[in-house]
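Chain nomenclature is as follows: A, B, C and D, assigned in order of appearance, with residue numbering initiated at 1 for each chain independently.
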Amino acid sequence: MSTTEMLHAHPRAEGPLVDVIARCIDACRDCVETCIACADACLAIEELGDLRRCIRLDLDCVEICGAAANVLSRPRADEAWAVRSIVEAARDVAERCGAECEKHASQHEHCRVCAEACRRCERASAELLAAL
Amino acid sequence: MSTTEMLHAHPRAEGPLVDVIARCIDACRDCVETCIACADACLAIEELGDLRRCIRLDLDCVEICGAAANVLSRPRADEAWAVRSIVEAARDVAERCGAECEKHASQHEHCRVCAEACRRCERASAELLAAL
Amino acid sequence: MSTTEMLHAHPRAEGPLVDVIARCIDACRDCVETCIACADACLAIEELGDLRRCIRLDLDCVEICGAAANVLSRPRADEAWAVRSIVEAARDVAERCGAECEKHASQHEHCRVCAEACRRCERASAELLAAL
Amino acid sequence: MSTTEMLHAHPRAEGPLVDVIARCIDACRDCVETCIACADACLAIEELGDLRRCIRLDLDCVEICGAAANVLSRPRADEAWAVRSIVEAARDVAERCGAECEKHASQHEHCRVCAEACRRCERASAELLAAL
């Protein structure tokens, strides 16, 4: 199953937004998965230092992008605009978390991978906001 | 334990925002609890009709206000502003959900109770946004 | 609003289990709230050491007890037994997290408060399991 | 990024369990995604009837399999057994939800797709439980 297929099987999902919503859902879920693992991998580092901020942002990202993905998975026909503020929140936290992870990307592979997932989530959220 | 006590025991929670944050956390969690029960009670009604929109908004409210409560439970010292967009999202969805529940409040006790919880969440979120 | 009131307003919530379910929901939500704050307060400690295990268990507790509270908030009439395995999971993780927090209770106030919330959650879950 | 890659980048993820854990995470997340969309698509059907039970089980599945996926995304080295009860809860709810969705599979495409996702989640959870 792909997110696009499931959305297309839904009686209220239609129109040109379906594909951009599906991309945003997938990017948010990927970001959640990566941030959970990044936070946990950071926690295993001996000298935490600035990684504390990375862990906190990872955990915020998990909450907010997870909520955005779940809300977006309920297509809302004529009320598409109603998702705007949660998608803005996802874009904001993914931007902050991605920027923090990038600082540690050269030292920690998990931060490099996570920074990329955050950046994809930021872009997909921005793309959806532009299309709403 | 109260939310205020736990926040006061936290090394990074300080300053005048602690109490307004604690109120917002409590209002968000109350809203989550009530919306889950409201959605489920609506689903048990024989003639759903407009209650479909109520159920969907309840479920959105659970996701977004739950995320807001969890994010706010991590005090962030000098980055308090960083919670702004998720608190805006909580205020928006609580406003919409409360307005929908109010339409059914005279017929369904659970919608009346839920409308009040949503309104408290909307006010507490607005109060926090004004204080940030 | 109290959890008990909301459950009593629900058309499918009835019988002697309502109060024990309400206590378990409240204990699970209190545990979630406390564990989020405990994990974040632990993270602010300079010398993490064994607190790493505490943080991980806190985060597991947030997920599992949060899921249990949400599932229990949907009364299920004749299928009350269906919640058994998620309540067992909540009891197990609250037991492990409480035991870990207790090790740090004399040094860290937030671990002491969290250990108590975990123990209440463990007991409320065990009480519900005994009543099912 | 794949779940397997992220787990392999984690300092504490090792040994023969990594691949079976990654499959279980992926199956749980797929189940969450599908169940949210299935519940919402069911809600749009004019004559709800038995679909009420389907919606409730979908929502339980979202909570429990979501918690399982997040907990499993934190590799725990020598404490792998500690995930047992949440994975059992995921297997149980996916089994029940899949069985309910199958009853409606011939009438509703979204239930057919969801039943398959639940069955994959049930099998992946059972496979992980056998390997622990």
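A few comments on the model shown:
By our rule, a contact is a pair of C-beta atoms (placed from the backbone, for glycine too) under 8 Å apart; a residue touches a chain by one contact, two chains touch by 3 or more.
Values in this document were obtained by computation on a predicted structure and should not be read as measured data.
Comparing the chain pairs A-D and A-B, the larger number of C-beta pairs in contact belongs to A-D. Computed from the mean C-alpha positions, the centre of chain B lies at a distance of 27 Å from the centre of chain D. Taking each chain's centre as the mean of its C-alpha atoms, chain A lies 22 Å from chain B. Taken residue by residue, chain A touches two or more other chains at 40, 44, 56, 59, 66, 70, 74, whereas all remaining positions touch fewer. Viewed as a network of touching protein chains, the structure reduces to a complete graph with every chain in contact with every other.
Chain C meets chain A in the complex at residues 40, 43-44, 48, 52, 55-56, 59.
For chain B in complex with chain C, the residues that touch the partner chain are 1, 3, 5-7, 9-12, 25, 29-30, 32-34, 36-37, 40-41, 44-45, 62, 66, 69-70, 73-75, 109-110, 113, 116-117.
Chain A meets chain B in the complex at residues 56, 59-60, 63-64, 66-67, 70-71, 74, 76, 82, 85-86, 88-89, 92-93, 96.
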